[in-house]
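Note that chain A is present in both complexes that follow, paired respectively with chain B and with chain C.
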Partner chain A sequence: MSIRFRRSHEPLFWLLFGAGGLVAALVLPAVVVFTGLIAPLTPHSADAGLLDYARVLTLFASPGARAACAGFIALLAWHAAHRILHLCHDLGVHGGAGLKWSCYGSAAAVSLLAGGLVVLLPSP
Partner chain B sequence: MTDGDAIRLDVLRWHPDRPAAPWWQSYEVPYRADSTLLEALQTIKDALDGTLTFRWSCRMAICGSCGCMVNGRPELSCHLLLRDLAPGPVRLEPLAHFPVIRDLVIDQQDFLEKLPAVGAYLVPAADAEAAPDTPSRQTPAQMAEYYQYAQCINCLLCYSACPQYGLKPDFLGPAALALMARHDADSRDTGGSARKAARDAESGVWDCTLVGHCTEVCPQGVDPARAINRNKTASARDYVFDLLMPGRRR
Partner chain C sequence: MTRPATWQRDMRGWWRRDPAFRRYLLREATSVAIGGYALMLLAGLGCLAAGPAPWQSWQGLVMSPIGLLLQALVFAAAVIHSVSWFRLMPLTVPPVGRPGRRLGDTAISSAAWVASAVCSLALLGWLVYGA
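And now, the complex of A and B:
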C-alpha cells in the first residue's frame, strides 16, 4: 500500500507561532517589568510619571515604533491562537475547521486592529 | 530482597476466537535478583499457563520485539528487572494505540507500511550504485550526523508513548520520522528530495506537537522529537521558498 501525502499549510502558522513565542519570551517580560515594576516604583512627581500619556505618545511618534508595537501585538495573537488550537487538540477537543477559523480568525482580527491603531493613533 | 520472592503480574489478555472482552489475569511468579520481566513471562508460559502469548527474541534490548505497557508506560520487558518493580503488582498490557492480535502481541502493519513511505532506506548516488564493491567513505563527523537516529530498533515504544499517534493514526509517527531524518543526514544518501512529500505533509512532521514522550521512552537513546522538530524548520523553509518562487519544486 502506498500512502498519499497532502502538503500542509501549517508552516505558515507555525512560523507566526514561533515568532510570537520569541516576542512572548523576550519582549513581553521586559514590557511587564517596565510597566508593572519599574515605572510605578520609580519616584516621580504627580504630573510627570514615566507612563504619562503624553510621554508614551512621544515614544510612539515614529512610524517604526508604532509598526514594531503593532507587530508585537499581532505576533502574540498568532502565538496564542496556535497554542489554543493545539491545546484543544491535546485535550481531545477536535473542533475541525470551525475551531481553526475562529482561532486564526481572532488572531487576524487582532492583527488588523493593531495595524489600524498604527494609522489612527494621534500624533503628539 | 532474597532469592525465592514472588511478584504478582496482572496481564491484560484477549483471544480473537473468544467473543469476550479483554480480561485481566493474575499470576504469582517466583523471581531471583537478576530476573527480568521477560523471564517472568517465560516462566508463566513454561510453567503456569501455556496459552499466554507475547513476542520476544533477543532478551538483550536490541531486537525490539518484547515491547508492552508496564504499569501504563511503554517498555521492553527484557529491559526491566523484577526487583525494580517489586513489590508489585505489575500491570502488563499490549502496546497502546495498536490493534491487538492476541494477549500482548500487537499488529505492526501500520508502521511497516509507513517505513517505506518515508523512504527509510539509503538511496546511493548513481556512481556509488554503479560500483557496489567500492567502499563509500565517511568521516567520523559525517557518521555522527546520523548515528544516534540509526540506533532505532523499531520496537514501537515511541508510537505507544505518542498521544498524537493515538489521536490520529495516519500520523507517520516518531520512529518513521526519525528514520527519515537518519537517511537525510547520511552523507552517502541522495534520496532527500523524494522524502520531502512525506515530511511536508499534514501527517508528516506537522502532526507532531512536541510532547517529547517518544524520546523519554526510547530504550536506545534515539531522540525522535528532535529529529521531527529539526525537520519542521526545514519544511517551513521550503514552504516559504516554494511560496516565493513558484515552480521551484515538483
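And now, the complex of A and C:
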C-alpha cells in the first residue's frame, strides 16, 4: 500500500488567524471604545452625531475605506473561527471535519457578506 | 487498523491543574467575544447598506444598556487579547537584526505597543474627525 502525503491546509488558516490577531491586537480596543464609549457619549440625535447615517456613509465613501472595513471584519472572523475551533478541541469537543467546516465556513460567509455589503453601500 | 489499547491519561478538567492553563483558556476565549463583535459590525454594515431606518435601529441596539454592557465585555476581551498577543510576539516573529545584535524581547513588545498606540490614535482621529 502506498502512502499519499497530502499538504496541510493549516498554514493558510494560520496566516488568516495571525493576520486577524495582529489587526485585533493593534486597533480592536480603540474601535470598541469608539462604538461603545465615544459615540454614545457625544451628543447625538436622529440626524446628528458621530454615528449619523449620512456621516458614516461619507466616512466610507472611498474605496480604500470600504476595503479596509470589509477586510477588518473578515480578518476578525477568521481569527475567531480558528481559535474557537481549537478551543473546542481543548475543551474535549472533538467535532472532526464537520466542526472545521462550520468554523471556517462561517468565517468565509462573513468575509463574502462583508465584501458584498461594502460594494452595495450607497454613495453619500 | 484498530488503536492499541494503551493507557491514556484522563484529561477531564485539565484546566484545574495549573493557573497557567486557566490563563491560556482565558486568552483563547477572547476569540468568542471578538467573533461576536465581528458579527455586530457585519450587522451594522448590512443595516448601513439597507438604509437610514435599519441603521437607526442598529445604532439604538448598539447604544442600548445591554449593547453597552456587551461592548464592555468585548473591550475587556480585546485588551486581554492585545496584552497576550504582544507578550507572545517575540516568540512568533522572525529574529530582528543581525546575529549578535538581535532585538530583545522587551524591544519587540514595546515596538508593538507603540505601533498599536499610533494605529489606534490614527483610526480614532479618522472616526471622530474624518467627516
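Here is the rule we use: the second predicted complex is superposed on the first by the 112 of 124 C-alpha atoms of A that agree within 3 Å, B and C clash if a C-alpha of one lies under 4 Å from a C-alpha of the other, contacts with A are read in each partner's own complex, and residues count from 1 in each chain.
Convention: a contact is a pair of C-beta atoms (placed from the backbone, for glycine too) under 8 Å apart; a residue touches a chain by one contact, two chains touch by 3 or more.
Predicted, not measured: the structure shown is a model, and the values here were computed from it.
In the superposition on chain A, contact is made by A:D90 with both chain B and chain C. By the document's definition of touching, of the two partners only chain C reaches A:L59; chain B does not. Contacts of A:L15 after superposition on the shared chain: chain B is touched, whereas chain C is not. By the document's definition of touching, of the two partners only chain C reaches A:A25; chain B does not. Between chain B and chain C, C contacts the larger number of chain A residues. Within the superposed three-chain model, A:R7 lies in touch with chain B and out of touch with chain C [touch as defined at top]. Overlaid on A, the two complexes show chain B and chain C touching the same residues of chain A, namely 86, 90, 92. Contact residues of chain C toward chain A in the complex are 11-12, 25, 28-32, 34-35, 37-39, 41-42, 45-46, 48-49, 52, 55-56, 59, 62-63, 67-68, 71-72, 74-75, 78-79, 81-82, 85-86, 92, 112, 115-116, 119-121, 123-124, 126-128, 130-131.
The part of chain A that touches chain C in the complex is made up of residues 18, 21-22, 24-36, 38-40, 46, 50-51, 53, 55-60, 69-70, 72-73, 76-77, 79-84, 86-87, 90, 92, 110, 113-114, 117-118, 120-122. Chain B makes touch with chain A in their complex at residues 113-114, 117, 163, 167, 170, 197-198, 200-204, 206, 209, 211, 232, 235-236, 239-240.
Contacts from chain A toward chain B in the complex involve residues 1-3, 5-12, 14-15, 86, 89-90, 92, 94.
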